[in-house]
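The following blocks contain the structures, represented as structure tokens.
Below are two complexes that have chain A in common, paired first with chain B and then with chain C.
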Partner chain A sequence: MTYAAARNLARPTPQPAAQPAPGAPGGLPRLLPGRGAAPADLRSHLERHGRPPYRGQSARLIPVLQESGLTGRGGAAFPVHRKLTAVIEAGPRPIVIGNGAEGEPASDKDKALLRIAPHLVLDGLQLAAEAVGARSVGLYLHRGSGRPEQLRAVLAERAAAGIDRRPVEIIDAPARFLAGEESALASRADGGPARPRFKEPRVFERGVAGRPTLVQNVETLAHLALIARYGARWFRSLGTAGEPGTMLCTVHQTDGTRQVVEAALGTPLRDLLALDDRASAAGGSGGSSPWASTAQAVLVGGYHGAWLPAGQAARMTLSNAALRPAGGFVGAGVLVALPADRCGIAETARVTRFLALESAGQCGPCFNGLPRIATALDELAGPRPDPQVRADIQRWAGLVQGRGACHHPDGTVRFVRSALQVFAAEIERHARGRCTAPGAPPFLPLPPGAPATDADWS
Partner chain B sequence: MNGITGSTALWYASRATGVVSLLMLTAVVLLGVLVNRQGRLPGLPRFVVTGLHRSVSLLSVAFVAVHVGTAIADPYVSIRLAAAVIPFTSAYETFWLGLGAVSLDLIAALIVTSLARAHISRRVWRGVHWLAYAAWPVALAHSVGSSTDMQRGVLLWLAVGCTLAVAGAVTWRAARAAREVPRVKRAAVTLAQAARRPREAGLR
Partner chain C sequence: MSKRLRVDPTACTGHGLCAELLPELVTLDEWGYPILADRPVPRGLGQEARRAVTDCPALALRLARSS
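Our next item is the complex of A and B:
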């Protein structure tokens, strides 16, 4: 995994001449130190940003967050100030948990952030806890990833320096795709299995131990820590008016490299990915194609996201305003450029199979429907599939949509439907018994050994 | 006594609603078992089975209420309100009416926890709901024991029929539960089945 502050990505909106806050870092990157720099230890973190600016009272940070327009960076892009307000209004003794369980196999950004800038995340966690008046604070991390051990050491160092006001408990997450879902997190923090539950009551109303629980993605907390220091105007100096600030993206290029990049919202996708807007999902005819190294399609928003034809993606920007009308969204910032010498249907089938096996097995439409859709996609990925298969997938997709406790069926269906649309030409090729990339090695990343059908949920 | 007169109306009302209550409670238990195992009734989606279970439960409460109310109001035997609620305090048929009071209390607990389900923990609700398997046999014993009518003829066959139906349903439930696929394996099992027969395994 590599990371970089994408150069030339800052597209500042017109700003008044005065700096919003003295000493505020300008430009990119904000969260990650410069390219090649060592992970931020406590000393360098304090030198760069100082101690967390506690407000001395709850709720004082909320107007600043509202003005900043910060939204959740875990994928749902929910306004942060509204969640904090809801937690405060829901009742006394709330709990705050930072969510670092990045189950998406194509995403590295939370792992990278925790490894490289853990102090920003932990500052944000303390400031969020103060803002809602929480005494109980947790950090939710995948076990076996090395993060729990690393963060324990970092927390001990901060405790010795007297930085944290509330002790932080590390909660370990199982290696499941859905473990980072908000209600799965609440269930795990309660000592149960990390399985999602129905939306009502919402976790911010009644979460861990029946108390109002604020769950924020670790990147959101890092942004919060910077906004608390440098203000809302500084935050808004990058990004668009509707979607201010920057976000971490995991960018997968056609040559198979993946990089964590911090980019301003509104950055053109072609600045992040090598895209040629003449290319299309029609693709080439194998390795000898002139488009061999160019992208035929772009996956935005990860495995619950959507495929876009490369030509369309090349005209889009990194923002929900641009992507939503095309059926996509920025989500947690996963961007994958699929090279022209791969079969989009085979790739989609492989990932859908993984998603089906990551069903929590609780809702019938999910644990019955997704495996059938995955099997049908497998057939579609092979030579001369039954002409009926495509219609079957569409019909089953309609039957599972909106019928799960969590968004897993909906997200999977979005991913599958976009593939049927974007790779329509490939499907026709398969009907004639041909394929763009017969026997090509897999491109979209899956966890090693996945899918782990009987892996633990707790 | 010949026919229903002013003095016997309450007595007959109590008996009739008692019999209807038994039938409805039996239906509630059967539907409850079906809901628990995610079974279906022919031609009905699952949510209708769930809805039916709820509606019939609430309706049976109405019949039980009339059954108890008329029994108390009936001047032929003296049953005080307290005896209908507190088990084994009735002077008349102490044991058999006591069983009626026990099942009444159990049913009340089931209904109250179900109405308040959104406000209590799922574990508590589930724990209390297991009492259904105690409430039904107690209610049946109360019916057969306190009513001489039910010890012979058509009503006896009705009681036997109800018993067989509930026994059958409980056996079916236990057998289905034993064959249940653990949650973590459900998707994998469906995937394996779907791979064997990709076309026929149609979703409904």
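Our next item is the complex of A and C:
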């Protein structure tokens, strides 16, 4: 994994002249130091940003967050000030947990942020805890990723320097796709398996230990830490009026390289991915074509996201306002350009099998439906599939949608339905016994090793 | 106050009793899991709905305030 500073991606939208606080960094990147720079240790972090600007009282930060327009960067884009307010209103003794569990195999951004700029995340965690009046603070990190050990050392350093007002407990997350789901986090923090729970009552009302629980993605906390210092207008000086600020993206190019890039919301996708808007809607060129490395389609929003034809994606920007009407969303910033010399159906089938195996196995429609959909996609990925298979997939997709405790079934069918649409020409080819990429090596990343088992949830 | 049937999908084990007791509001999918009608419990079915809730072997069914 590499990291690009992406200074060239700064595209401030015309807005009333911002008057940033003194010392506020201009342009990009905001969260990560420049390309080739070393990870920020405590000294360099304090030189650049100073100590966390505690407000001395709960709730004071909330109007600033409201004005900034910051939304959650874990994928759901929920307004941060509303979540904080809801936690305060839900009752006394709230808990705050930073969510660094990044189970999406195609996403690197939270791991990169924690590795390179841990102090911003931890500043944000302290400031969020102060804002809701929480004494109990946790940080949820994947076991085996090296992050728990690293963050324990960083926390010890901050404790010695007297920076943190609340001790932070590290909570281990298993390496499962759904482990970072908010209610799965709450279950794990209670000492149970990291499986999603039924959503009533909600985590913010009664989460960990039955107490109101604020869960924020680690990137969201890093933005919060900067907004607390440099203000809402500074934050809004990049991004769009409706979706202000920047976000970290994990960008996968057609040559198989992946990079974490910080980009302003509203950045054209073709500035992030090599896209040719003259490309055909999907597929069409064989492995020997001179266009072999051209993108045929773009996956936005990761494995719960949607495929878009490359030509359509090339005209879009990194924003929910642009992507939602096309069935996509920015999610946690995963962008994958699928090369023209791969089979989109085979890729989708492989990932759908993974998603089926990552079902928590709790909700009947999910654990019955997803494996059937995956098997049907396997058939569709082969030569001359049964003509009934597509109708089966659509029927099962309808049966699982909206019937899980979490969004896993909904996200999976969004991904699958978009594939049936965007790779329709490929499906026709398979019906005639042909394929764009018979036997091509896999493109979309999946975790190495054997599929997870039922024992891996805690 | 009108009420609506809700199912906790993590608790439901697909016994199907709810569909037997309350076929007007509950059908079963092809795997035996309940599909609830997207409307409040009508006046005349309140007793049947309460019985479906109390008799669910998995205690997965509940009556919630209609929203």
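General observations
Simple rule for what comes next: the second predicted complex is superposed on the first by the 446 of 458 C-alpha atoms of A that agree within 3 Å, B and C clash if a C-alpha of one lies under 4 Å from a C-alpha of the other, contacts with A are read in each partner's own complex, and residues count from 1 in each chain.
By our rule, contacts are C-beta pairs under 8 Å (C-beta built on N, C-alpha and C of every residue); 3 or more make two chains touch, one makes a residue touch a chain.
Here the structure is a predicted model, which is why all the values come from computation and not from measurement.
When the two complexes are overlaid on chain A, chain B and chain C occupy overlapping space and clash. Applying the stated contact rule after C-alpha superposition, one finds that A:354 touches neither chain B nor chain C.
Touch criterion not met for A:204: it reaches neither chain B nor chain C. Contacts of A:457 after superposition: chain B is touched, whereas chain C is not reached. In the overlay built on the shared chain, the residue A:423 is in contact with neither chain B nor chain C. In the superposed model, A:415 lies in contact with neither chain B nor chain C. Touch criterion met: A:362 reaches chain B and chain C at once.
In the superposition on chain A, A:234 contacts neither chain B nor chain C. When the shared chain is aligned, no partner comes close enough to touch A:140: not chain B, not chain C.
For chain A, the partner that touches more of its residues is B, with chain B and chain C as the two candidates.
Touch criterion met: A:370 reaches chain B, while chain C stays clear of it. Overlap of the chain B and chain C interfaces on chain A: residues 195, 362, 364, 366, 368-369, 399. The residues of chain B lying in touch with chain A in their complex are 38, 182-188, 190-191, 194-195, 198-199, 201-203. Residues 6, 8-14, 29-33, 35, 64 of chain C touch chain A in their complex.
Within the complex formed with chain C, the residues of chain A that make contact are 195-198, 200, 362-366, 368-369, 399, 403-405. On chain A, the positions that touch chain B within their shared complex are 195, 353, 356-362, 364, 366-372, 374-376, 378-379, 386, 388, 392, 395-396, 399, 453-455, 457.
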